[in-house]
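Below you'll find the structures, each written out as structure tokens.
Shared chain: chain A. Partners: chain B in the first complex, chain C in the second.
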Partner chain A sequence: MNATLQATLGELAALPGVRAALAATESDGLPAAAVAAVDVDADALAAFATALFHRTRLANAAAGYGETRHLSLDAEHGRLFVVTTGDIALVLLTQPDASAGLLRVALQRALRTVA
Partner chain B sequence: MTRSVAPWLDAPLGEFVRQARVGLAVALEPSGRVLAQHGFTRSVDVMAVCSLVAAINASSSELGRQANGDAFGPLHHGGGKRQVFLAPARAGSGTVLLLAVFDDRTSLGIVRHFFGAFTQSLAQVTDSELANGPMTGDFERDLGRNLAVLFGRA
Partner chain C sequence: MDAERIHDWMDEMARDPASLAFMPLVDSLRRLGRFDEARRYALRGLERHPHLAGAHDALARVLTDAGDEGQARDEWEFALRLDPSHQASLRGLGFLAWKRRDLTAAERLLARAQHANPADDGLATALHRVRAELRDSSGAPVPDAPAGDGVFTRRARSTAADEARQLFASLLGDGDRTALLLDRDGLVMAGTYIDGTGREVADEVGAHLGGLAEEATRALQQLGLGRWQSMLVEAQHATVALSPALDGAVVMVAAARDTQVGLVRRLLTQALQRATAWMGAAA
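Right, the complex of A and B next:
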């Protein structure tokens, strides 16, 4: 499982524009494995990305939108993508010009691999 | 509301509680003497919690020394609805124990992250600020007085 996870994260991290790819437990926000640039704090990324996803899930449920499947956030200097299955969250931190469509497909594929 | 008997703890603990979104927090000396609290409404609860935290810290520290050669770091217990996080932080030449109780409004990762900021704040505390604290050396009297201050009875 760990080798599969690490290999999957390695493939995600090799995509153009990706600065960090990590897997975290969604319930407690702790990283399980990460492939990240040296200036990325993987612990903080896992904690905040999963917290954001958790909040978004609650907001969507409260609004009657059902289950949250995917979260993407565009900021001035980068993009954040989060997908979950069970208690595993996959998180990507990318450059602002990274291809959202490509990354989204790659994330869904990776999610099926690690699920 | 965060209340303390140690002015150098006011800002760091208040910031930790606000950022990490914990429901209850208490800072104490390893001896069990309370220094600051947030969220407790009864002094007897703080007293009991401080006693338990001091005992847990003493036990786990000694266990760490026996098994690991050095005291263990932060301790986390997960419950059904609530979780506790207990960790030591250096303040000047002393140590402050922080206990935080939180639920699913936050996560262990978030609590750990902001505990890091808390420890950095306490690392700036000087021994002269510590000496300006509420301690007189009489444990029982200090405990009683600190609890009175924390719950607005002093």
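Right, the complex of A and C next:
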């Protein structure tokens, strides 16, 4: 499992514009594995990305939208993508101009691999 | 009050030249007759947002008030190439057509504008007047509204609250889509949300989703990623997109899960433009 996860993260991290790819437990926000640029704080990324996803999941459930599957957040200096399967969250941090379509598909494929 | 807001918007533009605050700023300066400044900010906004219909509209209004109607017409026509249902541009071109006494063109443009925003009282009055003039000039009957359409009477009675509720209606089409403008506390400012059972649930949905903006801001601050620009969430039954608007407000678009994600993003951009213009006009 660890080898598969690490290989999957390595493939995600190799995509254009990706600065970090990590897996974290959604319930406590701790990183399980990460491939990240040296200037990226993987612990902080895991914590805040999963917290945001958790909050979004609660809001979506309360609003009647059902289970949350994919979150992407565009900011001035980067893009954040989060998907989950069970308690595992896959998180990508990218450059602002990274291709959202390509990364969305890659994340869905990665999710199937690690599920 | 105006001066304070103008100052705030100028500050925002100085901090962030890509901010959409130039739209209400230009409109306020124009209303105060400060045309040179208004034109300068409008051009600066257009440099950053050349594909934003509202930006061309902002400049066109300044040009009209400053007496340059030819240039204004060019700007509004360009805006309509970007967004054929852009209501303010249709109205502006309709006004210019009426001024040059091309009543047929004026009627056609204003009718399209009214279709884009049925709750606009002022537009209904203007269209009524143009149709009356057209009737007088040609002797032929020109209907106030399409046959069998009783909506016109209701339009005339519509209130500002109706206008707010209908703010996004013309963008959303007939699909299972909705849009809301929420203030910084998650309270609904504009838009409406009717669920599958016919119940109005805008307040509930707004309350649940409004807090996400704060969470996103906090996360991005901690990660050093700057201000958030948009958020897209795919859930089991819906795709939801959010974007920050003026004064801490948030625009939300929700669409059925089978709606293309790219279309939801596009709707969000259009809803944000409309909300920004509406907030500027309401200020």
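Everything below uses one rule, namely that the second predicted complex is superposed on the first by the 115 of 115 C-alpha atoms of A that agree within 3 Å, B and C clash if a C-alpha of one lies under 4 Å from a C-alpha of the other, contacts with A are read in each partner's own complex, and residues count from 1 in each chain.
One rule holds in what follows: a residue touches a chain if its C-beta (ideal position, glycine included) is under 8 Å from a C-beta of that chain, and two chains touch if they have at least 3 such contacts.
Just so it is clear, the structure is predicted and the values come from calculations on it, not from any experiment.
Annotation: superposed three-chain arrangement on chain A; chain B versus chain C shows no clash, the two fitting side by side. When the two complexes are overlaid on their common chain A, residue A:Ala89 makes contact with neither chain B nor chain C.
Once the two complexes are overlaid on the shared chain, A:Leu103 sits clear of chain B and of chain C alike. Touch criterion met: A:Ala46 reaches chain B, while chain C stays clear of it.
In the superposition on chain A, A:Ala24 makes contact with chain B only, while chain C stays out of contact range. Of the two partner chains placed by superposition, A:Ala33 touches none, neither chain B nor chain C.
Once the two complexes are laid over each other on the shared chain, residue contacts for A:Arg69 go to chain C alone; chain B is not touched. Within the superposed three-chain model, A:Asn60 lies in touch with chain C and out of touch with chain B [touch as defined at top]. If you count the residues of chain A touched by chain B and by chain C, you find the higher number for C. Aligning both complexes on chain A leaves chain B and chain C separated at their closest CA atoms by 9 Å. Within chain A, the residues touched by chain B in the first complex and by chain C in the second are 44, 48, 51.
By the touch criterion given at the top, residues 41, 44-45, 48-49, 51-52, 55-56, 59-60, 62-78, 80, 93, 101, 104 of chain A touch chain C in their complex.
On chain B, the positions that touch chain A within their shared complex are 78, 104, 106-110, 112-113.
Put simply, chain C touches chain A in their complex at residues 195, 201, 204-205, 208-209, 211-212, 215-216, 218-220, 222-238, 240, 254, 261-262. Across the complex, chain A meets chain B through its residues 24, 27-31, 43-44, 46-48, 50-51, 54.
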